[in-house]
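Each of the two complexes below includes chain A, the first together with chain B, the second together with chain C.
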Partner chain A sequence: MPDIEIRLTVNGRKFARRCAPHLRLLDFVREELHLTGNKEGCGAGECGTCSMFVNGVLHKSCLLPVAKAQDAEIVTVEGLAREDELTILQRAFHKAGASQCGYCIPGMVMAATATLRRNPHADLEEIKEGLGGNICRCTGYQKIFAAVELARDVMNGALPATALEEETYRGSYIGASVRRLDAPSKVSGALRYAADMTMPNMLHMQVLRSPMPHARIAALDVSEAATMAGVETVLTCNDVPGVDNYGVFIDDQPVMARGVVRYVGEGIAAVVAENPLIARAALAKIKVRFEELPAVFDAEEAMQPGAPQLHDAYPGNVCKHTKIRKGDVERGFAESDLIVEETYETQAIEHAYLEPEAGLAYLDADGTVTVQAPDQNITHHRHMLARILNRPINTVRLIMSPVGGGFGGKEDMLYQGMLALAAIKTRRPVRYVFTREESFIASAKRHPFRIRYRMGLRKDGRILATSMYMIADGGAYAMSGPGVMNKAAILGAGPYAIPNVRMDAICVYTNNTPAGAMRSFGAFQSEFSTEAHLDLCAEKLGMDPIELRRVNAMRDGAITHTQAQLGSVSLLRTIEAAAQAARWAPGEPHRQTRGEQRPDLGGNDTRKPCTLGARLARITTPANTVGSASERKAVQT
Partner chain B sequence: MLTYDQYLTPRSLAEAFEAIGRFGAAARVVAGATDVLPWAREGRAGDVHYAAVIDVSRIPELCGVELRGERVRLGANTTIAAFLANPVLVEHAPVLKHCAVWFADDQIREQATLAGNLVNASPAADATPAMLAMNSVLTLYSSANGQVRTRSVPLDEFVLGPGQTRLQPGELVGSIECDSMAGYGAAFEKVGHRRSLVISTVCVAALVRLDFAQRDFDDVRIAVAAVGPVPTRLTECEAFLQGKPVQPDVIRGAAELAADRVQSRTRREYRREVLVNFVERSITDALAELGISVSSASATKEVQHA
Partner chain C sequence: MKRRGRGVACCWYGIARTAAVDRAGAWVELDDGGTVKVTTGVTEIGEGILTTLCQIAAEEMGVRPKDVTLGDNDTARAPEAAHAGATRQTYIIGNAVASACRDARDKFIKEMAQHWNVPGELIDTRAGEVWVRGRDLRMSMAEAVDVLKKQHGIVIVGSGSYTSLHTPLDPETGRGEPWQSYVFGTQIIEVEVDTDTGEVQVLGVWAAHDVGRAVNPQGVEGQIEGAVVMALGQALMEDFTLKDGRTTTPGFAKYILPTSLDVPQVNSIIIEDRDPKTPLGVKGIGEPAMVPTAPAIINAIYDAVGVRITRLPATPERVLEALRAKRANEADIAL
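Here is the complex of A and B:
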């Protein structure tokens, strides 16, 4: 492998290193210099977690070949704070609660720094534009904007420096703004996520993934890959010593495909090598002979007789059917003045946490295997790993690394088994970092639902009967699916007092990407349809949709459809507050108007659509045709 | 992942052609690399290896912006950031600054080049319609027997289809020359899934000049992208407006001629509606830049997101 000499100044220090010619600036800074404050979120210039200053101009370092930055002056997030003192911007991020998972924050701080350097008086619109290339999945951006405005005002003297200090405790934390304990480590880049961790003698793992949605693995030959220079080992299902069958509710998943692949992206073999490049080259040498099997991509089709079967233990592909029966639904319908039927569909959703999956596994001197990964359910993962590895549980340890966004997507175990096996087999630390694309194809999604809704109501709006028949596409493995079905069935009919309820939530295996846990865990899909359906019913009844909800709302002491006795129920107060905040005008045909005609838009507390060109306005002002000095410097033309 | 054995940064055209000659098809030219790096990833080209990557961004002959009489010469390496920051461009190519604010984000604009955008030949390339509207001509360099050869290709003939241009193997874009549009009102409209970092679903570039009395259209240039395989000029709209009075119904009439230009296979109806409204709004916005306001009910109509 040829190499080149790279000479750079990074955070004021000069470096000269020989490295592989194809490294990007991001790789060089993170892997060669071990400055891991800036992250890799997408590798394609989209997310901004890698934003760094190059000769004073902010760049996405994942799009910069390091050789392009030869002789340049680089500033990473580590270079902002001087002698342990955070910058005003970093302190403002801390104060405003702008960091949540923290993975986007180093890049965000860099973009905010660039924005205020360009114009110390940037208004909100210009700040938004300046952060336009940086994505955050947690905050909804409001607190980030608040932080940048706070910093701007402190820098300009419009606010005193004390505005950055923690609010004094006034006897209660409720209603107070409390700073996060871990925020300083996030705004400075000091916090280490799994992909930031290194150990001496560490190996790197890459995984061969199925290009087929459903196929028998007729032959799998890893011999050529395994004998390549720099390859330490190649793992397949044959390396699993214990029970190669795990899951949250149903044990149906192997660590790596065992004889058959059931979705595009399923892991087949893992190469462990001296560096990721060798590991990737070895993946190309693995020979797999697939015998294609008929595949099914629609949950209802998968339930039909004759459909391709995914798991022997679940004929008909139904992996879970949750039923709730309360009262007599048919009688309720018979007594209704109005019956409204509709079918609702929701789509698969990727969590898109900014931190792609990553993990580091190693053996302790006493033989204990440790996996550090951003797992949202370490105790459960530890139990599953002990069975997979056929080890006593006291020799299996899981350490939860900071989760750079999860939203449920890091609850379902996916790659930890391969990592643990790799560490045990090689007796060396092994790290595995997903690419963004890999995270998309391999990780669990939100279940897409198809919901047949039937609701019976009296003329006065009272709901007499609800029937929801929900079919969820669970993809190739059950994962959190059964729990998601339970939640959908328990909560789906909404917080409404309904005498007769029939709920069916059915999770079906298909050859799609597995679905798993995601924010609200099934309640989102089902309650979305309930609220949409109530709007429809209100329209048919000629009733105000808020009023319809008021009529049916559960009240203090209500008993839920699953016979839970509630104490205080805040639904009515919530509806009231929401209607007021939205300036809801009963009887307005809201659903028919859009855009500027909507009476509830444009007032206090509503957000204007974002605009572009804040700086354009400055350029076209005759007094300032050229832009700031930094803009001029930025352009070499 | 993109890998290569050598990264060459030639400092002259001669050095560049020496490298191009030495490696031939085993080398890849990059300028900003903002198209090439994301292209070599899973789901697109996958892992790609070159013997050499030739970075043309430091070749002086490919740099610089210069006014040459009635024409403006933009070096191939002109960054999108320069559209906003270079005084010659701000004055003589006013549509570019509007294009720039919609282009990627601040950071990518510092790196992304004009030639890269044209050569990449995406149907949704944002700079291409802006340059089309200014009658651009590319100067291409090649090398034969140690001599640098030059030829010119008008931009409207250069892009042949998605990813396809008239650029020959071993040829470099040296510069792009366009009309000086000083005194024109300009506008750029774009819609995609979000505001920053987004591929256009429809985009429109417009430049407008009025006659001496400020009453009639004297010269209108409109170009569109993302509605067909190649960005194009809306010559029929331009001809319709020529010499007509500045009135809302005239502008609307011109805009409606654009509807049939949508050739995309997806979201046709949506694109037709947006394109017509965008043509109307871009002319209105360009007039506004000249200090002329045309009130029109549909011009302010909210453009719904794709």
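Here is the complex of A and C:
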């Protein structure tokens, strides 16, 4: 299709450009005008980080073909602040600590601006609705709400402008809520993430990913793709000069599939071309002949004799088994008044950092290969890359680009090897930006666990024995799995003094998407089961669940399940602090349905539940809107 | 019908890498204008570690946080500080930066003592100034740097590193000391369950967490609030599902995340049980804050409507199914 002529105004400046007709407004602004403040998070209008004003109306610019913006007035996040002076709202975000990784923040700032333009007196509920189309994965939204309310109050004169300024600190800087030093660059869109970076002569990479969960690659022919106009090179495992086997605890992963694919989404070949469009077209020209292998998708089935085997070095598919044996659990159970058993299951989840994986690789003048990417671990990634590339380690350089959310998901190395190879082979800078869908299928998830729980207790609530048998689905590669098993086993029985403990945490290879590092790393799953189980035990014992925890809590000098001695133990302090703040009314679980009187529910420190149609009712009586705003303030003071 | 309930859950967590060597290094220079240049391979992933380290460096060197410039995360330029994970950065890298600053400050004090011809013990630095206690001798850090560089030819640089003690685990019994420092926490959560739709709304969270020492309380709150909401997602809605190895939730339209309308009011209570084993007394918060939320929600659902969800997430479908099973069971008992 021929190029189209686009005329529009962006941030007050008129532009006329010829561009490809498939561009979205977001591409036009980011790639043609180099205004990279607004980001792409999902490309599907779900996350909101690309939100811009089009003729004064908030739009998700990833959904808008640029031709639809012909003659329109566009305002991006760069257009909000005049002459380096941040807006009141942007300063409020800074003051309130509303930005963390910052990737969602340009869109949040745009949505919040739209909300307060629509109603300068918007109450908290209306603010929440105004931000409802924008996802933030870091902040839990609380400080963002606080920032918008602060800005609203300053704009309305309810608070002085000095409310936006940094507090003066007396005494130690340690313990002071010093405003985040990187926040101005995040609220203004000035901070450049990997996908915002460009270099002269830069090429673009795209990756062919496996459609098969388990298959032998009988033939791989990249010749047609490699000779396409605009294609610089096509990489396969044959291009890896060093040891093509890496990992965190177990070296089991190739840079690109080597003869076999073990999960849907595994990289097979990488095309490096003049632009992403050509690279994607070339992917379609790569010919792969798969011979399907039997696959296994359930961790317990994968442990059975005769199950498909994923890695020769790990027959039975068990890649890690962490054991803890303390005391004599069978005796503990025999001496118990009550034995409670249950099975718990936790699911795989996606990290869903707002910034999809991206990176830029190039050769420094001295030949050092440099990879700039949102890596959570440049130290280890460099170790692995030096081995993969077969280079002295000081000729491999990793620079962390600003990380748009990680949560462990950017700790397990995934694509940096391909990028480095591409830069070395082409001697040009190469950029690779994942789509959201690609991030979903290719990147590691949280390990799903199945936990068989057995706990023995005395009538007075003392736990005498805990046994946890945990099976985790590690997916196709070990990644951080062995470490996750360690933490699950060590911490799983909880912060309780238990004389007899038996823990088994077993990580199993399957043909599912690999599981890897994720925030709370095995402790989330194992401690979930313990804390849910204690509630069940409290009910059976007729005890208050906090009392059951007090009875068993580790105290100063406690011996842990791995038989280490602790120093100071703050558990009881946290229990008392939470119980006091929440006005905990003691009682055994399941009180509500027994019709007990509850003085504890619905306090000022809870939010109001959402009720369908509630705002429609309020809109018809506008006086109420003002009323609820002041009501809200009364609650806060 | 809508019913409310409350649940409680506790957590504990080890700080830094598990049963393995953990370490970080940092370099410090007292630079022109009385500023401080800190270089360390730290990984800011949004938690605010850069600000935290600037506060630590400012406090240790006697300048203001805005006087600190941080060079970070380039393997060719900065000393190793390893990864953003294991709730380790404030703990390992914070203490490494503190120790590098102490090294630089000791050298600075020694040189100033010589310059002023006073005992070093009498010299103080704070907020960009250096002075001698009980004497009329003082100058700005900017002047002091100038004097040391131009009159004495001295550039003040320091370095430091930090590691935490551990022993490996016995492969058969698990016996060992995986960490030297632990944190603890408790969360209480209030929910409302709609017995007609199975929908669970989380209305209030009271989260009390020991962090050792809160370098930046606003940042600590931010970590707790973000962790609670991420765990709320796993407890109630998020589910990466596969069918024969192919995902059925390939994007945000199918993979449901908490939005501004799903989140509770989070009330954070920061407990400081300083860690005597480290120079700063700090521990960490990033991961532990996520641990108690899901079980506290599940326990609150039970308190509200009497059904135990043992399989995450507690979607409306699963809650309804459990309510149906409970009613059927009660009807059986009644008969």
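To be clear about the criterion, the second predicted complex is superposed on the first by the 590 of 637 C-alpha atoms of A that agree within 3 Å, B and C clash if a C-alpha of one lies under 4 Å from a C-alpha of the other, contacts with A are read in each partner's own complex, and residues count from 1 in each chain.
To be clear about the criterion, a residue touches a chain if its C-beta (ideal position, glycine included) is under 8 Å from a C-beta of that chain, and two chains touch if they have at least 3 such contacts.
All of these numbers come straight from a predicted model, not from anything done at the bench.
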Open item on the list: Looking at A:A44 after the superposition, I want to know if it touches chain B, chain C, both of them or none. Which is it: first, second, both, neither?
Closed with: both
Query = Looking at the overlay, what does A:R17 touch: chain B (first), chain C (second), both, or neither?
reply = neither
_By the touch definition at the top of the document, which applies to A:Q376: first (chain B), second (chain C), both, or neither?_
second
First, second, both or neither for A:T606, with chain B first and chain C second
second
Of the two partners chain B and chain C, more of chain A gets touched by chain C
*If you stack the two complexes on chain A, which partner ends up touching A:G567: first (chain B), second (chain C), both, or neither?*
second
Query raised in the report: What is the contact status of A:N486 with respect to chain B (first) and chain C (second): first, second, both, or neither?
Result: second
Checklist entry - Can A:R331 be said to touch chain B (first), chain C (second), both, or neither? => result neither
Classify the contacts of A:E437 with the two partner chains as first (chain B alone), second (chain C alone), both, or neither.
-> both
- Check the residue A:E129 against both partner chains and state whether it touches chain B (first), chain C (second), both, or neither. both
Shared chain A footprint, chain B vs chain C, residue numbers 44, 46, 129, 132-133, 437, 610
In the complex, chain B touches chain A at residues 1-7, 9, 30, 32-34, 37-38, 41-43, 47, 53, 55, 57, 63-65, 75, 77-79, 81-82, 84-87, 90-91, 97-98, 101-102, 104-108, 110-111, 195-197, 289, 300-302, 304
In their shared complex, chain B is touched by residues of chain A numbered 2, 4, 20-22, 24, 43-46, 48, 51, 57-60, 62-65, 67-68, 70, 111, 114, 129-130, 132-133, 277, 280, 284, 435, 437-438, 594-596, 610, 612-613, 615-616, 619-620, 625-627, 631-632, 634-637
